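Two complexes come next, and they have one chain in common, chain A, joined by chain B in the first and chain C in the second.
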Partner chain A sequence: MKYMDEFRRPAPAAAMVEAIKTLSAGRRGRLAGREIGIMEICGTHTHSISRYGIRAAMPQNIRLISGPGCPVCVTSQPDIDRLIHFVRREKKAIVATFGDMLRVPGSFSSLERERAEGAEIRVVYSPLDCLDIAAANPSKEVMFYSVGFETTAPTVAATIVEARRKGVKNLSVLSLHKLTPPAMRALVDAGDINIDGFIAPGHVTAVIGARAYGFLSEEYGLPCVVAGFEPLDALAGLWMLVKQLSEARRDIEIQYKRVVTWEGNRKAQAVLNDVFTEADAMWRGIGVIPGSGLKIREGFAAFDAEKRFDIGYDGCVVEEAHGCACGKVLKGLITPPECPLFQKACRPDAPQGPCMVSSEGTCAAYYRYERV
Partner chain B sequence: MCLGVPGKIIEIKGEWAKVDVGGTKREVSLALLEGAKLDSYVIVHAGFAIQTLDEDAAQETIRFLDGFAGGRDTA
Partner chain C sequence: MEDRILLAHGSGGKLSHSLIEEVFVKSFDDALLARMDDQAVFLSPGAMLAFTTDSYVISPIFFPGGDIGKLAVCGTVNDLAVGGALPVYMSASFIIEEGAPLDDIRRIAGSMAKTARECGVRIVTGDTKVVERGKGDTVFINTSGIGVVRDGVELSPSFIRPGDAIIISGTVGDHGMAILTKRGGLEIPVESDCAPLHILAADILSTGAGVKAMRDPTRGGLATVLNEFADTADCSMHIVETLIPVRDEVRGACEILGFDPLYLANEGKLVLVAERQGTDEILAAMRKNPLGRNAAIIGYAAEGPKKKVILTTAMGNRRIVEKLSGEQLPRIC
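On to the complex of A and B.
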């Protein structure tokens, strides 16, 4: 496929890996003998880095740490539980959501199990599909259980705008959207792990613009490279980051120049800001991060599931089910093989936590591509 | 989930475009993109075009990668 295949060729990949080795090991170099931690924040990067063997190809002193960038994975246990309470209570409602959400175990059930018991749960590819579902079921309430980062949130905002334009009366959205930069800040502030630089997500940044990471270099002295998702993009991004470190630079750079600009997509930002405003959000494993989520503005309250239904956190528990260590995995504190359940009780066909459900989850990526 | 795929706009009707994504034709909303043009490439995510793909910048990255494979610029 055009503009994908060009970035999957083996020859530049091998040369790039060599160049990263040279930079990190050069005997007189600044990085020789130093342990370097690089976090890839995004689940799509995690998947790509595992799938193409990039983690394993890195020199010994470079550790690629997977971060909290899989939207399904960071959805908190209470947010799963309250949805399950909802589908049990509102028997006539239809819940729509993205596919991976179905198999995420809550503390007592999953959407998949509820569906088998008769709850009406639809998987959508685009939030726009909810408009069709609402139109086809005028006597039912349709609730979109909405997860995703800045890439996805504008598509949901545009759907809500369209629903209002069309006068749709039976559609609402439960916004569990999360924002990337506040999570990066929270991880650095927590200081639990040693992060020397970030690989930032290409498609989040296509929307928000690379300037959004300025605080990393200005306030924390950390370099950051916005990279694309094909293997050569990821490798080139890593090379740029390691080169910065070897030269003691702490800049924000863009590798994914064909899609990412400094300003981002102004129109998508405007639609997002019309519909949503910043709010605190609860992340699995991390807890509440101030200003890291999006809630629906007053002007669109008619489409806000939080306002329309009684869907609070009563009877929801925060602890992760079944001894799953997803919280630690998401913070980069442990790798999946360090979880005692990994590939024993927890496998893609029997996931114990969300990180094994989503193909972008770190545990699923390790299971498929990095099992030793 | 932030997966986005490049596709070429082959038809525009108001706020909608037909986009060729690797041979598959998809109806894509242009509600989030200013100035989408026929024959240009866009990144498609969840039924929306979320950004244009700058073909000159893509060629520049490809040349940079080729330079790498040729053993240059490995400093």
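On to the complex of A and C.
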């Protein structure tokens, strides 16, 4: 199949793996005997790395560390709790969100459980579907519980613009959007783990442009490669990154050139900026990262659920469920098998934390693909 | 007659009678059914019988490649077929929602009658109920079936031994993807594979070539059936991704939607495990039947790891294929 099979061919993959091994283990090379930590920020990369056995194929001294790149996983527990308080209070409201959110446990319930209790919770594939839901239910408030990175946010912004153009009165958005570059900065600043370079997300970068990572090389001396998600894309990205390290370069490079540019998608950036402005955001396991979220601008306040409803953090709990180590997994401090609950109390059919719920979650990827 | 189902159609009175006679009895056209007794009485059609039942709640009721009526007949025929039985008699019960278009019910009854005729199975008894608007989804159908088991046939996953071959009759995931795309309004040209498998199953068993177990991988897909085999046989099932037939359209749609074809439902596919030495004969017999044209060996049973399904991917790495967990799909059968 076009654009799929040619990026999944085993022979070039094996050759790429060999090339990475040669670079990282050459006796006289710069990297010999050194442990190299490479963080992939994006959950889709984590998924590819697990699914195609890329982690297992890496030489021993290369450690692939999964970052906080699954939008469902990084949604904080208080942000789930306050939504559950909301659906219990506003019995006539319809909450729309993406499918994976339903099963994420808050501190005392989940949306799935609330739905069984009678709350009206709809799963949508696109935020634009909320316009139809709002039109079909004029007597009800429709609230979109909006998570996601720079990839999702422009569509949400477009939905809000469209809602205003159409004069929709019963639609609002609770923006829990997160931004990628501030999270990368926060992880490096924290200094908890040894990161020698980043594999940056292909589709986020298609929107924001590869220039957004300039600070990594300029301020921190770290190389970064923007890679695609097929196995050969990911391997090529890793090879480029290891090559930089072996040559002591610290550049920002694009592997995923068929999609990503330096400037990004100007149109998407424009609608994003029209509707949203940067704000602090709370990340599960990491805490508040300055300027890492998006809030709705004053001009669109009528569509801002934060302004429209009393939906604060009263009665919300920050601590994780007992024993769940999703916070540490999200920061790359531990791998899922190091969590005492992994595969025992915590499985896809009985998830204890978001990283096992979401298909992009690190724990789900390890569970599905790395247990042989 | 009204053009929509009324609650009175389920009252047992005149309207009920006209619905049953003018739609069901007329469509199914069977002497035993036409007697309108409370039961069908017949001589036992064979020594060893197979008996099965299944309910159909699919949404949408009409989909590319079939409808709920065809599905309700094929599903029961196939449950009998994979037990080595030829279907003989069937029942058909309908729970219809108030307001359902009568034309839809007629069309469904017609489709059931046509499929039953093709399968040589008689619909000899049935029932009709009507529920209030909002308490059903147009129509739910339950069918039960009786079949005659072929002489000397005994199938069970407990007979599976390491070294046995795993065979699939064709492409996986067609039905599940047809339903998903129809529901989601996606324009991907995939048709349901909904089809009766009794002839194909008979073709396979006629070879006498050491078939151990057969299933039709419906809800939960191929992955679920293989996990059931591994559990019962207390061995492992090893499959190879590149050997499993999947249509390009299905594979592409799976990539877009984030689904795995191994978990998508099939309604006209058969997976079997057989002794290795008989596989050439079995494959030859299957490929002569249009429903088995793409039949292929997709892997082997092995000693361990016990009760696990292991997939070797196209990239050459291996992973465990779990049972389906949680709600992945809308109502598909």
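Throughout what follows, the second predicted complex is superposed on the first by the 370 of 372 C-alpha atoms of A that agree within 3 Å, B and C clash if a C-alpha of one lies under 4 Å from a C-alpha of the other, contacts with A are read in each partner's own complex, and residues count from 1 in each chain.
One rule holds in what follows: a contact is a pair of C-beta atoms (placed from the backbone, for glycine too) under 8 Å apart; a residue touches a chain by one contact, two chains touch by 3 or more.
Model, not experiment: these values are computed from the prediction.
Who does A:P71 touch here: chain B (first), chain C (second), both, or neither?
Touch partner of A:P71: chain B, not chain C.
With the two structures laid over each other on chain A, which partner does A:P348 touch: chain B (first), chain C (second), both, or neither?
After superposing on A, A:P348 lies in contact with chain C but is clear of chain B.
Classify the contacts of A:A57 with the two partner chains as first (chain B alone), second (chain C alone), both, or neither.
A:A57: touches chain C, not chain B.
Would you sort A:K257 into first (chain B), second (chain C), both or neither based on which partner it touches?
The first partner, chain B, only.
According to the stated criteria, A:V372 is in contact with first (chain B), second (chain C), both, or neither; which is it?
second
Given the touch rule stated above, what does A:V204 touch, chain B (first), chain C (second), both, or neither?
first
Between chain B (first) and chain C (second), which, if any, makes contact with A:Y125: first, second, both or neither?
Both partners, chain B and chain C.
Chain A residues in contact: does chain B have more, or chain C?
Of chain B and chain C, the partner in contact with more residues of chain A is B.
Once chain A of both complexes is superposed, is A:M4 in touch with chain B (first), chain C (second), both, or neither?
both
Which partner chains sit in contact with A:N265 here, chain B, chain C, both or neither? Use first/second/both/neither.
first
Share the list of chain A residues that count as touching for chain B in one structure and for chain C in the other.
Chain A residues touching both partners: 1, 4, 14, 125.
Please name which positions on chain B make contact with chain A in the complex.
1-6, 8, 21-22, 29, 31-34, 41, 43, 45-48, 50-51, 53-55, 57-58, 60-62, 64-66, 68-69, 71, 74
With touch defined as at the start, can you tell me which chain C residues reach chain A in the complex?
Going by the criterion above, the answer is residues 184, 248, 251-252, 255, 258, 310, 313-320, 322, 325-326.
Spell out the part of chain A that touches chain B in their complex, as residue ranges.
On the chain A side, the touching residues are 1-4, 6-7, 9, 11-12, 14-16, 18-19, 22, 42-44, 69-72, 98, 100, 125-129, 147-149, 151-152, 154-155, 158, 161-162, 201-204, 206-207, 229, 232-233, 236, 255, 257-260, 265-268, 271, 358, 360.
Any idea which chain A residues touch chain C in the complex?
So the residues of chain A in touch with chain C come to 1, 4, 8, 10, 13-14, 51-53, 56-57, 103, 125, 231, 347-349, 359, 367-372.
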